[in-house]
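Here the chain labels run A, B, C, D, E and F in written order, and each chain numbers its own residues starting at 1.
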Amino acid sequence: MKIHIINPNSTASMTDKIAAAARGIASPGTQIIATNPSGTPASIEGFADEAVSVPPLLDEIRNGTEAGADAFVVACFDDPGLNACREVTDRPVIGICEAAMMTASILAARFSVVTTLPRAIPIIEDLADHYGMGRRCRRVRSAEIPVLALEDEGDAAAQKVRAEVLKSVAEDGAEAVILGCAGMADLAAALTEEAGVPVIDGVIAATKMAEALAGLGLKTSKAGAYAFPRQK
Amino acid sequence: MKIHIINPNSTASMTDKIAAAARGIASPGTQIIATNPSGTPASIEGFADEAVSVPPLLDEIRNGTEAGADAFVVACFDDPGLNACREVTDRPVIGICEAAMMTASILAARFSVVTTLPRAIPIIEDLADHYGMGRRCRRVRSAEIPVLALEDEGDAAAQKVRAEVLKSVAEDGAEAVILGCAGMADLAAALTEEAGVPVIDGVIAATKMAEALAGLGLKTSKAGAYAFPRQK
Amino acid sequence: MKIHIINPNSTASMTDKIAAAARGIASPGTQIIATNPSGTPASIEGFADEAVSVPPLLDEIRNGTEAGADAFVVACFDDPGLNACREVTDRPVIGICEAAMMTASILAARFSVVTTLPRAIPIIEDLADHYGMGRRCRRVRSAEIPVLALEDEGDAAAQKVRAEVLKSVAEDGAEAVILGCAGMADLAAALTEEAGVPVIDGVIAATKMAEALAGLGLKTSKAGAYAFPRQK
Amino acid sequence: MKIHIINPNSTASMTDKIAAAARGIASPGTQIIATNPSGTPASIEGFADEAVSVPPLLDEIRNGTEAGADAFVVACFDDPGLNACREVTDRPVIGICEAAMMTASILAARFSVVTTLPRAIPIIEDLADHYGMGRRCRRVRSAEIPVLALEDEGDAAAQKVRAEVLKSVAEDGAEAVILGCAGMADLAAALTEEAGVPVIDGVIAATKMAEALAGLGLKTSKAGAYAFPRQK
Amino acid sequence: MKIHIINPNSTASMTDKIAAAARGIASPGTQIIATNPSGTPASIEGFADEAVSVPPLLDEIRNGTEAGADAFVVACFDDPGLNACREVTDRPVIGICEAAMMTASILAARFSVVTTLPRAIPIIEDLADHYGMGRRCRRVRSAEIPVLALEDEGDAAAQKVRAEVLKSVAEDGAEAVILGCAGMADLAAALTEEAGVPVIDGVIAATKMAEALAGLGLKTSKAGAYAFPRQK
Amino acid sequence: MKIHIINPNSTASMTDKIAAAARGIASPGTQIIATNPSGTPASIEGFADEAVSVPPLLDEIRNGTEAGADAFVVACFDDPGLNACREVTDRPVIGICEAAMMTASILAARFSVVTTLPRAIPIIEDLADHYGMGRRCRRVRSAEIPVLALEDEGDAAAQKVRAEVLKSVAEDGAEAVILGCAGMADLAAALTEEAGVPVIDGVIAATKMAEALAGLGLKTSKAGAYAFPRQK
């Protein structure tokens, strides 16, 4: 089985980290392909960064489909272009925010999200609403760090994430915490231990869900909203 | 990996059909254990049937946990006792309605559900609301058959299900159709072919999701609503 | 008129307190029957406790119907098994959370709820959502006491409840406060006086609503979700 | 106990019919006072009719409070001025749409409403939303009759209401039907018999709920939205 | 083009302030007519004040229509009688809360509202819900001042409003702030500068929207809920 | 005042029609600039077409800002890239679906939308939900025509739109109808006349709203979600 994970930004070190996290969790027999387009922003921090990353992301999806991917993961927590991706392939496509929230809602009655910059808070809140999370999503918190700070040496950024994870449990009544950026994939295991609740990384969650979807043998519906784009 | 699927009713032929469907889709290395309690109703058709099936279901969960199950599937489309199950084990527990709706919402923008008796319609509508499906769930339809008609020889019941699946696509704008009873697991593949859209069986969907959850290595949160029951 | 109040747990002293509260408010001519099943948990603290209490609760409903009850009250604030109860009788059945929230929404534009253990918070929030309370329900607070602490001598538990009631008014903008446990029925009157807003006990509210429903002469609909369970 | 029912329109024959319905259901010991203001429209059919009826309605509430009413019913299905009424008295005030919907949601999982003119449909839909009825309210239907047709001799209007009640059950999956006009109070009993489901009149439902609220001894909260109007 | 702004209370100094604000923003060629009824409360602080102001407001609308107004603004932040106003004229009618919230939702992803008295908080929250603002409306805050304090000499009231505006940005994550009272129209410009986010006054927003609606040449629909009142 | 309308697809004849519609409604003193990017799809029919049109749309917004536009209209009914547009300029940006729905909700209590292809139905339903339209949006209908059919000679496409508009009124209870494609701008006036209810074109509605927003002098908030993209 071939799971193709696309990091929509152009920072290869982040793609590597994502790939490592996915490979660490993948089933035997699963091949993880992790790519990123070139020419997209170095990080995706807001709607405009999302917008310019989506057309190259669609090309990755099309190329990946031809190359035989069984399912795709879009590895940016804003789930940019998810619906468009579903149009251009018949393989299942899952977003890491979507996967993380589904997973959290199975493991816990209430969760919080810890993301990077404050400007992502309304974006993620809107995603939680769109995914029907309602009261399950207690709060979206920001660690007040830019995305690429997670690529820096040292653990200053990680410490800020950790602090917000612990506050989620102590102040929000969160029974699980979601890490709201693909660049946090390496932090989940240690924080789960320390916080005493499931700390869920979307890359990991989405990798397993992509395996599940590919294993189901079902394809993205081509009967309506996700039909292939019309030729003009 | 050991996935324990519990059919909460006491009809062993249905448990066998469920087990076969799950084994047909399970990954190599996954052991499917399928059980049903004794003493529960022969089929679960309404809130009272659900209620009396839950305590024996909890016993199955407890026993399965001791026996080393890595994740559980509750294989009745009403998702009876799902929250209670999550209290009595730390392994992930997923319901087949929950799994089917999550899967449908990844593969299609709009879906309908085809269930057995009309009395199940409000139950499943309420589940769709609880899972945040909103407009994604176009309509819940009834094939006007009792659950156990699906165990009969002949295909009279299957034909009624088929008719409603086809109407879902033609009349509701459904881009995928969910089979709303664990006893329909054997119908999904042929109907997917005929209807031209994904026809999703909850047992199959939940089996793959359970593998994914078990593979994640995360446990049900014990920090709040799903903490183990208090000793008194 | 005969109102049958069922305390689903097995703590007789709590049943007695509930009976006393109901009798103190019942109309002349109303006979209050208060029972509890045996074999259920001593207190209901979470989904699993609910689950095991429901089958005996259904037996109480069936027996009470035969004995001529005109309406039923389920006297646990989680409203366990309410839909199932409605299936097994044609007499009106009301839950104490349901009754309290309806009453609060008539007397005040915004209310808070004070319950026992923190694990009940998501349960009651979900009930508020299910009953359509929306913004009317400002907050669900926990007094951080187990249910049976309310049966202890001394007023330690009552003082904790009192503190949260007063904070509801001062901090939440609550215009009324609901006591979120059947074991708090004896506290409502004094707290109403002290807090200066209606402090609503569900047992009392449900008793009056049950009288109203019985007086209406209407029965639980048997046309759909609440039809009697099918014989198999 | 003194229940004061106010018909906000100025048609005395309708007030008489309302009073008769209420007296037919009232408990022994309950005194029903039924009044209507003068100078308001002969019937309330839309927002403007509502608006001009509210100030005289508030006067009735104030006078009724001085005269010792224990609770009030506003007997127009649009529930006009309900919040304002709650400001000018400390006695409980209930609307007939509110009471009917609460009652229906206890007796049935799904209901429809049959009202008079089509223009009332969005008004009642918005009330259903405001009261949090969600999917419980299947459909609001119009019998396409003006309100005062219900006061005519002959049963032409009643037959049109009857037809829509029967269609609610047959086509909407309604398990109960609400009569959406105070002028239909005399039709409920016969239609309940014929339709085989509870057919709920708001006047009757509100009368019993008003008795319940008065019996509770609780008052409308004066702590926030329903505080008495400020003197200026 | 003639825009008729109606202040539903009877305080002429407030009408003057409203007129000045509107004239300051109106397009060349727009004639601003600003009136208030007599006999209504000096300020509108709650549901009962609203209720008694609406019938005279409807008279103003009718008179204004005859006098050739092209569109109407109802200049009280509770949007009293808005639906009724739409019934009695075929010219577009807009409320200042409605206009301010629409404007805010175009200019910002999240906003807070600063109003006068605490009792207005639930009223405005309910309006935000009715207008579908969902999470866009972060919080409704009260400056704890009566409406007419805004007419006093000195800036004590203005300072309290200012403090809440600044807290909206600092504490709520508001990206814009709405001034929740027609009497605050003169404060918006300076607060926009100081707060560094759009501070939106409803009178100003509604004046521009009324021009837009009048310029569209479309009329209020007379096909359903806003049909002219029926003659009786 | 300079209003810049951007048709995100690359069909110049459609841009011309949009410009003509806008100029027909613009205030004296308003300069309408209508452009379309090159290299985008000839029509926008689905998520992928949207996605590839957004980056060139953002360039148009940036260029328009430098050229002194006072406000922007995005003239595609899917409102593609609206949030991203708001990030890259401080001028107000409005979408034509957003403007049409706001306008409809002022002029009517219930509306339907008539769009081109069936695949747009879920897209527009999701927009209606996002804009908080709730029950106001009765139904989204498709005329079953591709977007560019509206550019053909002859009135075959227009007749199909007309048929759905009339059905919206007759079958849905729509009190207004929105034309759900920028290419329908020339049909609105005649259909308003024939249908007897407001038939609202988004280009026209957005043009007037853009004038209003520009006239307000307020800018897009740069405090949160719509802050300028971060330099990296």
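As a working rule, contacts are C-beta pairs under 8 Å (C-beta built on N, C-alpha and C of every residue); 3 or more make two chains touch, one makes a residue touch a chain.
Just so we're clear, the structure is a prediction, and the values are computed from it rather than from any experiment.
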Pair exhibiting more inter-chain C-beta contacts, A-B or D-F: A-B
Cα-centroid distance, chain B relative to chain F, in whole angstrom: 42
Centre-to-centre distance between chain E and chain B (centres being mean Cα positions), rounded to whole Å: 51
Inter-centroid spacing, chain F versus chain E (mean Cα positions, whole Å): 26
Touching two or more other chains - residue numbers and ranges from chain B: 83, 109-110, 118, 121-122, 126, 134, 173, 224-226
Chain contact topology (line, ring, star, complete or other): other
Interface residues, chain C side, partner chain E - complex: 109-110, 134-135, 173
Interface residues, chain E side, partner chain C - complex: 118, 121-122, 125-126, 129
Residues of chain E touching chain F in the complex: 25, 27-29, 83, 92-94, 98, 102-103, 106-110, 131-134, 136, 169, 173-176, 192, 196-198, 200, 204-205, 208-209, 211-213, 215-221, 223-226
Residues of chain C that touch chain B when the two form their complex: 41-43, 45-52, 54-55, 58, 81, 83-84, 86-88, 117-119, 121-123, 126, 130, 146, 148, 224-227, 229-230, 232
